[in-house]
Amino acid sequence: MNDQPKRIQRIGVLTGGGDCPGLNAVIRAVTKTAIYKHNLEVLGIQDGFLGLVQNRMHPLTEHDVSGILTLGGTILGTSNKCDPARYVTKKPDGTLETHDVTDRCLEHLAINHIDALVVIGGDGTMSGAANFVRRGVNCIGVPKTIDNDLAGTDITFGFATARYVATMALDRIHTTAASHHRAMIVEVMGRNAGWIALESGIASGSDVVLIPEIPFDIQKVADYVTARSRKGRSCSILCVSEGARPLDGKQVVNHVDPTSPDPIRLGGVGKVVADQIEQMTGVETRTTVLGHIQRGGTPVPEDRVLATQFGHAAIEALTSGKRNRLIVMRGRGVTDIDILEAADKQRTITLDHPLLTAARHVGTSFGD
Amino acid sequence: MNDQPKRIQRIGVLTGGGDCPGLNAVIRAVTKTAIYKHNLEVLGIQDGFLGLVQNRMHPLTEHDVSGILTLGGTILGTSNKCDPARYVTKKPDGTLETHDVTDRCLEHLAINHIDALVVIGGDGTMSGAANFVRRGVNCIGVPKTIDNDLAGTDITFGFATARYVATMALDRIHTTAASHHRAMIVEVMGRNAGWIALESGIASGSDVVLIPEIPFDIQKVADYVTARSRKGRSCSILCVSEGARPLDGKQVVNHVDPTSPDPIRLGGVGKVVADQIEQMTGVETRTTVLGHIQRGGTPVPEDRVLATQFGHAAIEALTSGKRNRLIVMRGRGVTDIDILEAADKQRTITLDHPLLTAARHVGTSFGD
Amino acid sequence: MNDQPKRIQRIGVLTGGGDCPGLNAVIRAVTKTAIYKHNLEVLGIQDGFLGLVQNRMHPLTEHDVSGILTLGGTILGTSNKCDPARYVTKKPDGTLETHDVTDRCLEHLAINHIDALVVIGGDGTMSGAANFVRRGVNCIGVPKTIDNDLAGTDITFGFATARYVATMALDRIHTTAASHHRAMIVEVMGRNAGWIALESGIASGSDVVLIPEIPFDIQKVADYVTARSRKGRSCSILCVSEGARPLDGKQVVNHVDPTSPDPIRLGGVGKVVADQIEQMTGVETRTTVLGHIQRGGTPVPEDRVLATQFGHAAIEALTSGKRNRLIVMRGRGVTDIDILEAADKQRTITLDHPLLTAARHVGTSFGD
Amino acid sequence: MNDQPKRIQRIGVLTGGGDCPGLNAVIRAVTKTAIYKHNLEVLGIQDGFLGLVQNRMHPLTEHDVSGILTLGGTILGTSNKCDPARYVTKKPDGTLETHDVTDRCLEHLAINHIDALVVIGGDGTMSGAANFVRRGVNCIGVPKTIDNDLAGTDITFGFATARYVATMALDRIHTTAASHHRAMIVEVMGRNAGWIALESGIASGSDVVLIPEIPFDIQKVADYVTARSRKGRSCSILCVSEGARPLDGKQVVNHVDPTSPDPIRLGGVGKVVADQIEQMTGVETRTTVLGHIQRGGTPVPEDRVLATQFGHAAIEALTSGKRNRLIVMRGRGVTDIDILEAADKQRTITLDHPLLTAARHVGTSFGD
């Protein structure tokens, strides 16, 4: 690594964290822009930082990235929780041990003559990158999150596809609700931010939307469902973020724990809300948890375009001499910010957000 | 009711049981054929047999059925478990009471001058119809089942849509599995018959398909997943019917029961299989339960065509003097059988079914 | 009409120009916000300005707009070229006559006690609205264009759906091109602006994108196709705006004119390009013209959300006392500008637009 | 080649004719069944019979066919009109010459130790195969046709996908028709048989369906559109096979011929019908020609299952000692017939076909 950005000849690219529609589109844009425009070599590092630790990487050619634009997932593979600064191994006796293997990674970067890294990932992956930045490696980050909750950028790829999948599912659920006079609960992704629930709720005309940002009063939700019944609306659709939580502040956990004595913990928040609503209103309920279909599969066109822009911008930033930037979208324009600036900050829905207001005014209840 | 079929002037139509893509297409074809071709009047009975008990019905015109061909659900509404021979009411003290309200239904048929019924539904609904057949009402049945498990017919509408939704979901899941080197389990509908799992499993290239007809040996499933890992296939897709069960014969139940002492009962079979596979193989697993999105929403073209044929055939049967027939598909042709003939029989997958053999030969494991 | 905006009690809403996915979502948001939030009455005017001329309008209730969010088209109907200031009628002898029927429209507004108009449409419809603005009618415009070429707003609803339909079609075309070693030409909408071609071209990985803003040199296009063949890429995808035109400046017209002596005018630009490329390169070509499927049918979620925001904002503008505003999107925020400000200006792709640059750098040819 | 089928060790597979969703699913099932079940070697022959003439073929492994199930097109490539018995080459002076190069192909089969051929294609490809059958090569045919018009089989893969694409397009067109009070004409594939038009017409609720089997009277079509207008139905949808023709017997050709003096030949039958209907009824019309998007892209699940069954059955036929069979679907079962039996026969829609009757009874006009 050195300070003369003009010397960049070979870059490494990796994807970290959960998969996300558009990752391959970024990899393709990075590789094509690097090769076609700047005559750089590109090495694909396998399975996120794990491939850097284990020195698993291979050249990416124009041919390797041909046809991947429409594919979900990542051709490079990913690893969920590999941070070289806190690398976990198992000792012979079965206990776990944590090491800092950053030096080993730096060695692998040097051996492979990698002049800079394009790091595609979310919060966790950018924390991993920060470690390398501190050691002098030029890292250009490309932000990735299904939930759209990364600070610093107005939008990231993957979100539009998740919104699409969730909305299509809500559309399908609607007819069942109407035919059976039921309240149908659909649990969508969003642990800390309710963007998917809010936008797919608006897009599908959901009656109730529950998001992490607005703790809900289950009595108000029940009253709303009852009021709809009285108006002759025989069904209600509730779109619920997995991270939605009741007013009393207890987080409703998402996974069944058979050893837990706490019955509210059986099933995610969607199931809990369904059970309570059925009991309080007498309206039959059903729950669907969309899960991983929101994050897999071919990206919608919006995400393909956005991911292409981000991948392209990463190489443009690198080749114009920038160091340690995060590619972001501000308004309708792609730009970049310091890669450390957005770390550990989240973009949640503010209570005065215009989308929230619009949703309320067209009749959506947020249970508050 | 009388025996001279030529006198039919007004028919009633109702939909019973769970909703199913194509119900509206049947209602439309019944109504249009009745009006355009035979100059009959059609009354739409609301919420299945419940509307017959409560005398809730209204004329269906050409206008009412315009534009409903592509809609999921049923414009008539449905009720899940209403059988007039065993009609349940609540007494003032809160206890439940069962009556036979067939006479009341017959009276409502007479009052409304209904000469025959078109009854669209599954097993339960046809049992309800049998009761009216025995009382002299001419009932023409149109079979409906997502699971495709009705005896007497090679195929019913709704199945193709469920297969489509399940396959599209499996396609999306595939990319996540590959990117994360995981085993992904997708639980699809099918309590007693594994048609959806088998066909969407074949269509998506699933590695393992577990169906109610073939009790699975979890060790064989685990061995298969491990063998794939050893061959360098870093991911496996398991498509599991909700009614799949392990070899030891215990049915894995589908709904969480917080009062149950049995930990295996927490979560459906998909979750149970996932947990066991992860433990036995060390491969990370994730489960998705598709649920109601399989039975709602716009029907695929195949179901629209089939439902139109069935609705049309019901009116043709009626107007040609037939009594108490069930419209069925045999091979590629629509025909009819005695409405009582198929009752309480199920069409499950035989162990020598050619589809099963084809699936095995292209490498699918059924865990046996 | 008067100047005290607080007095607004009843509004009229109309849709003009070609249909566009999201129109019904705007109508729904206008109606629900008006009724739920502000207790206003809403009159739906039929078939654009034509309904105003002919006094065809009816109250819109919550019930009328229930379930229309997902529907393509407009429940109000539209008319393509009705401008009350230049209203065309046919005289008994068959000749056409043009009148100004604005007074008649004003009378119908007065009779129906309409205090303000929400006018949803494109350039032509806004010109029609301008006429009423000048006569003292408070008009709030909601911009609509498939092509995304309206000045004043960064984006309008309908565009995302058109881009989606075009991209899905291009995805399908790709496999045929590869299997047959052909150049496949897909002609998409966009007379004066190439947004649909540019974004669906990027999203589908098209090799060549031809847009109205960049006159193309057919020799360069042919050279590019030949160069791909030489590199072993046996197929090429060309995504062509209907308004794309060759360097020599002659607009290639879109409709066949059997009386024309000019053979180049037979077929749209897509067909013309295909014929020339086949002749110049020897590569077999096929053309598909997507046509109206780009502008019909259910909107994608993005358009549903945007249309809901626009409809909501129109009522908020009205009820906060604003007059004669056009609702627009700037960056990621909805705001409003003078309704006359954007008239007759178009938002075309500038030659230094970052999307254009990104597309070039990943290898797309624009034929220049 | 010899008569002892047990000796089969290596097979060749090729795809001929136009591409078709499901070709890759057949190739995959052929390869996997051959390798997994029967331990055969598989050679993929490139670009149909052309690869046999030019000796271009390569081994297909399990790895090569992994992930291709969902891909449209054919990984082997195809050639449209290559028949080794009438192989066309260009002489130095530019004139064309026809040779019989069958001997050269037989030599290539011998050199590569190919014991039998799996030939996937339509009418033309099976004629090509017949030539090899006569020379003693064991050919197992797998029928392929988008149009579903091959005699001998009740259904072939590809058709369901074409029907799906056509129906989705018709769904989108519907809303435009209704909003604009237009007659919308959609031209779909089907030169000699109207299956796509009939089934997608039924599935979309088209008002008029024009198919090659029923010559249409344009006056009756116009009368039908007018009658709908009078009933207050402001729009009509016409689904027209590319091979539909008017009663007077003149085939309306599909491609523009700029040198033709005959104006009716400008545009396909869809455009011609549109122009005539507009003139005769005064209703505004628009035409969409779906073209190649009907035959490209990912197959619907039905086609993936069917193609898998066909590919599997081809290998089962071969390995059980059968010679020169065509895999077909009869009713709901896969079986085989003599490969020469179906040659040059077409399966068109008979005038008493039940689907036709059902369509008529629900109100569809066939213009007769």
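Brief remarks follow.
Lettered A, B, C and D in written order, each chain numbered from 1.
Assume a contact is a pair of C-beta atoms (placed from the backbone, for glycine too) under 8 Å apart; a residue touches a chain by one contact, two chains touch by 3 or more.
As the structure is a computational prediction, the values presented were derived from the model and not from experiment.
The chains that touch chain A as well as chain C do not exist here; no chain meets both. Greatest Cα centroid separation from chain B: this falls to C.
Rounded to the nearest 5, the angle that brings the Cα atoms of chain B onto chain C is 180°.
With each centre defined as the average position of its C-alpha atoms, the distance from chain A to chain D rounds to 42 Å. Averaged C-alpha coordinates put the centre of chain B at 32 Å from the centre of chain D. Averaged C-alpha coordinates give centres for chain C and chain D that are 35 Å from one another. Touching of two or more other chains is recorded for residues 171, 298 of chain C. Contact between chains, as defined at the top, is found for A-B, A-C, B-D, C-D.
For chain D in complex with chain C, the touching residues are 15, 18-19, 23, 47, 71-74, 77-78, 80, 165, 169, 171-176, 178-181, 184, 234, 256, 258, 263, 266-267, 271, 286-293, 295-298. Chain contact summary for the complex, chain D toward chain B: residues 28-29, 32-33, 36-37, 67, 69-70, 154-155, 160, 163-164, 167, 171, 199-200, 202-205, 298, 300-302, 304-305, 308-309, 312-313, 315-316, 330-334, 354-355, 357-359, 361-363.
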